[in-house]
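See the structures that follow.
Next come two complexes built around subunit A: one with subunit B, the other with subunit C.
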Partner chain A sequence: MRRRRLFSLVRHVLLLVWTAVTLFPIYWMLITSFKHSGEWVTWPPRWFPHEPTLINYVKVLTPGTSTFELGRQTLKILKPLWDSLIISTVGALVAVALGSALAYSWARFGTGGRNYPYNILSIRMVPPIVIAVPFVVYFATLRLLDTYTGLILVYVATCLPYVIWMMLAFIDEVPVELERAARLMGASRLRVLRSVVLPLTASGLVVTFLFVFILNWSELLLALTLTNTEVSTIPIQLNKFQSANEGRDYGPQAAIGAIATLPVVVLGFLIQKHLLRGFSFGLLRK
Partner chain B sequence: MTTPGPTAARRGARRWLERERVFKWLPFVSVQGLFTFLLLPNVLLLIYLSFLSWRITRGAWWNAAFAGLDTFRGALEDERFRWAVARTFGFAAAAVPLELLLGFGLALLCRRHFRGRRFYTTVFLLPMMIVPAVVGYDLSMLLIDQGPFNQLLSLLAGRTITVRWLSDYTAAQIAVIGADVWQWTALTFLIFTSGMAGLPEEPIRAARVMGASRWQIFWHVELPLLKPVIAIAVVLRSMEALKIFDYPMLLTQGGPGNATETVAVYLWRVGWEFARVSDAAAMSLILLVVVAMYTFVALRVLRRERRRLAEESVA
Partner chain C sequence: MASIRLERLTKVFGTTRAVDGIDLAIPDGEFVVLVGPSGCGKTTTLNMIAGLEAPTSGDIWIGDTRVTDWEPGDRNLGMVFQNLALFPHMTVFDNIAFPLRIKRLPHDAIAARVRAVADTVHVGRLLAKRPATLSGGEAQRVALARTIVVQPSVFLMDEPLSSLDAKLRVEMRTELKRLHATLRSTFVYVTHDQAEAMTMADRIVVMHQGRIQQVGRPLEIYGDPVNRFVAGFFGVPAMNFVDGELRLEASGLHFAAPALGVALPGRRGAAGAAVLGVRPEHVRFADGPEAWPATVSLIEPLGDETLVFLDYGGPASLVAKVGAEEELAVGDRRSFTFRLDRLVLFDLEMGGRIVG
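Moving on to the complex of A and B:
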């Protein structure tokens, strides 16, 4: 009994240490986003703003584009926020639809051969920087540079390996007998998909969607390569601000970080239960 | 009487999808089509560009002169490139094992129900939901010489410590590795937690009936069952770690010196900042070969694990 209590204590201590490690940077980002410029850099650093303010949020969320004023850049993110949202959402939706269809057809009919999931995964291994250079030339000729379509196509392709591997696990859980029974009772293939497979894999689809949405939402290198002035995403903006102001505009940048983080965290929180079961990639014996 | 309207078209599309051949092959064909469309011309272009001596500043690429194998020789002799490749593998070799150990340990601690478990798991998942660029930028704020991180260190040590995280060679490298570990331990934690939640109960119960201790069950029953899950965590994390780009770009811009210049950052510079496109293409090809060798080995391991799993499930 005593040993058990000791174990429980040690466990809490260890877990609290990692909790502190995890929360510290997040806390600092949040707290900085509420600070006036005078409090960004002080010694000793201020763990709580003396005069909390919303000015940073107001600054970055006013409409308009980022401009240079007196050598300083004003950071405005409404447009990139919108672009990010559209590109990430559409990209994730298409990738999930296409990838789960492929996972299903591989699991049931073996299309593409036994090693197909591995071949797909090897595509994900290609570092994006490798094809960044020719990509610009190629997309420029196709007039896909700096467009939603171009970036969405690329994101669908980069997400597909993850979608396929995650969905394979969920499709494995669907009993084939059930599908066969439905077919025997005269249901069409599409009907089986809609009434048997879809309900049983719904939570998997949601988890997969969230994960690839995060991937798209955070992607920097390809976005930086394939966009110019028309389209811009949040990571690109952060990168720009970091180099333009030598990263010294702490408050507004922290506000952007908080804004970019919030929607994903809320989504993740809502589906946490499914998230915690959905990442074993079907690699366990049943 | 059939009037060709939207409903008729929809019925037609549905009938078309119902056909066995279409139903089976449509997803495969569209995915292959997408990959071919995006990758094939790019790879061909990459190879072609790497044989030229094209710089963006010097006219169009179709007018550039042939350089033959000179670009490749130049790339292989470029010490900065070789160091960048080695550094990237080094970062991955430092970060990935740490992520795996931490993720596994935390998942183990959070395995059974106890008070506060929900809170801990919620917190531990947070880092993977943050944009890596934000993480890099956020750390650059924490790690300034007179920043909160040094303050904390001083507090813990009881004396003033000023590590120059962003301008000291080794410290900057540790910072980049730390950023990766901080963010992606969340993913390994998630993978291992769902692996442990999905462990089958019978073998464990059987072992317990036979009088095995907790430790024996863990070592001889659970760990072997988890091996494939560990394998995929290694594969996924290492292939992402070899692409490290965001953290150095936002944290240190590859510096101080070249301390944190990963291969992605260096190729970015060669291609866009120095505008030596053909050199970048040649280096990209070399990198592609290196990564392909690594991929080959990694996927073989993964395939073996999965095949063994299939055999065991049948038995």
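Moving on to the complex of A and C:
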């Protein structure tokens, strides 16, 4: 009894330490985003901002293009934020719609042959940079470089394997007899999808959408290669802090980081119920 | 009218012939049970009648209509699945109402019919519940209600009782039979359980390796099996089989096996290798010159009767079913005979019945 309690204590302490290690960078990012420039790199470090300020947020969220100020460029991210939202959302929606339809037709009708899901998985076996360069060539010809459509197409293509494999697991959870029973009662194939398959895979669709949205939201390499001035995403903006000048602009950088993290956290909380249901496979009575 | 006729019905999966050219006529209102070991093609046959599997060749007729390539929903069938297939995201009410909503019945009519049907199968108080919260028996009744509510002319059932415990299964057996008597629809019931087949069927269709072995009333199948497979499939414990040979002697036909010889007066047949089949209840203790001596090697009391394993010197022991009042102990020496009129003989190689 005492040994079990000791074990439980050790386990909790270890988990707490681990949580602190993983959460600390996020904490540091958050408090830096509320600090004046003087506090970004003080020694000893300030654990709380002396005078909390929103100036970093105001700077990056001001409308207009990026401006130079005292030799430093302050990035304006309203436009990239909007671009990111559109591209990630539309990309995820299209990928989920296409991918779940593919997964369903493979699971129920064997469309594409036995190895289809494995073949499509091979898309993910190639390092993204390998496809990025040919895409530049294609897109230059098709005039898709630096457009929403171009980036959305690439994101749909790279996310399809994830969608198909996740949705296969959820569709497998729906006993085929449910669909057969509905068909025997006179339901059309579409009615079966609407009344039986969709409600039973709804959680899966939401979870998959969230997963793919986050992938798109945080994707850097393809976005960097396939966009230029017209379209830009948040990861590209963060990447710009690599240079000698902007590299020291910690406050706005932290603010952009916080803004980039926000949608993911909010979405996570909003669909927590679905996440729980979605990830606990085997809830349905077989 | 809802008679069913299957003509040369065949289903091939890859290289296996799951159903191998079966012919069957089921008259309107009959309770037919398709029975056989798993993989015998009974469920595939049922699925083809339902329209859930397309036959490789052959035809299906319901009434006077050829429905071979009709959609399942157009055949006016009701089906109860092995796992019941209740929609987990709907309440019991919505489950039962589902087929009516597809037929676009008016709202009030749906509610009235759902309530009426729910009451007939005693699930009236469960209407607001979800299937996951029902007990096995309740779920079973809801599945039945959902099938009955559209008044189909044919009921198809694929091992609907297999998920229930033994006691409930026996209860539901009676209830299904009563339901059949009330509805007077055609029932096609699939099971691997020979007891279910015996107790419920008007007629039994025994299947094995994709083919129909025998069609007949339960007692016909039990007492007059056409081959060794059917004889061995029905009856608990199974029929005793003794390998030996038939000889023609002056007194008539004679069956000879190691340590066993049975005169079969009045029977005709050709000499040759044969299998003698005798049900445990037709093995009886007796004394006299006709009886064979044996040692009791195992006793299994069932309460009302007792199973006795007899070592008579042959390769396997014989099982006898005797009255529970018989006083026995392992190691006892007892003599036994057979009820000669109930013995059956099969061809050793092909398993076909030797009738004579």
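Note that in this section the second predicted complex is superposed on the first by the 267 of 286 C-alpha atoms of A that agree within 3 Å, B and C clash if a C-alpha of one lies under 4 Å from a C-alpha of the other, contacts with A are read in each partner's own complex, and residues count from 1 in each chain.
Convention: a residue touches a chain if its C-beta (ideal position, glycine included) is under 8 Å from a C-beta of that chain, and two chains touch if they have at least 3 such contacts.
As the structure is a prediction and not an experimental result, all values here were calculated from the model.
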| item | value |
| --- | --- |
| Which of subunit B and subunit C A:Asn228 touches, first, second, both or neither | neither |
| Partner chain in contact with A:Leu178 - subunit B first, subunit C second, else both or neither | second |
| Partner contacting more residues of subunit A (subunit B vs subunit C) | B |
| Partner chain(s) touched by A:Gly186 [first = subunit B, second = subunit C, both, neither] | second |
| Contacts of A:Thr62 with subunit B and subunit C, given as first, second, both or neither | neither |
| Contacts of A:Arg11 with subunit B and subunit C, given as first, second, both or neither | first |
| Subunit A residues contacted in one complex by subunit B, in the other by subunit C | 188, 284-286 |
| Interfacial residue positions of subunit B with respect to subunit A in the complex | 14, 17-18, 23-28, 30-32, 34-35, 37-39, 41-43, 45-46, 49, 61, 102, 105-106, 109-110, 114, 116, 120-135, 137-142, 144, 146-148, 151-152, 182, 186, 190-191, 193-195, 197-200, 225-226, 228-229, 231-232, 235, 239, 242-243, 245-246, 249-250, 253, 263-264, 267-268, 271, 277, 280-281, 284-285, 287-288, 291-292, 294-295, 298-299, 302-303, 305-306, 309, 312-313 |
| Residue ranges of subunit C in contact with subunit A within the complex | 50-52, 71-74, 77-79, 81-83, 85-89, 98-99, 102-103, 131-132, 150 |
| Complex interface listing, subunit A residues touching subunit B | 8, 11-12, 14-15, 18-19, 21-26, 28-29, 32, 41, 43-45, 47, 98-99, 101-102, 104-106, 109, 111-112, 115, 118, 120-135, 137-138, 153-154, 156-157, 160, 165, 188-190, 214, 217-218, 220-221, 234-235, 238-239, 242-243, 247, 250, 253-254, 256-257, 260-261, 264-265, 268-269, 272, 275-281, 283-286 |
| Subunit A residues within the subunit C interface of the complex | 175, 177-178, 180-188, 191, 195-196, 199-200, 284-286 |
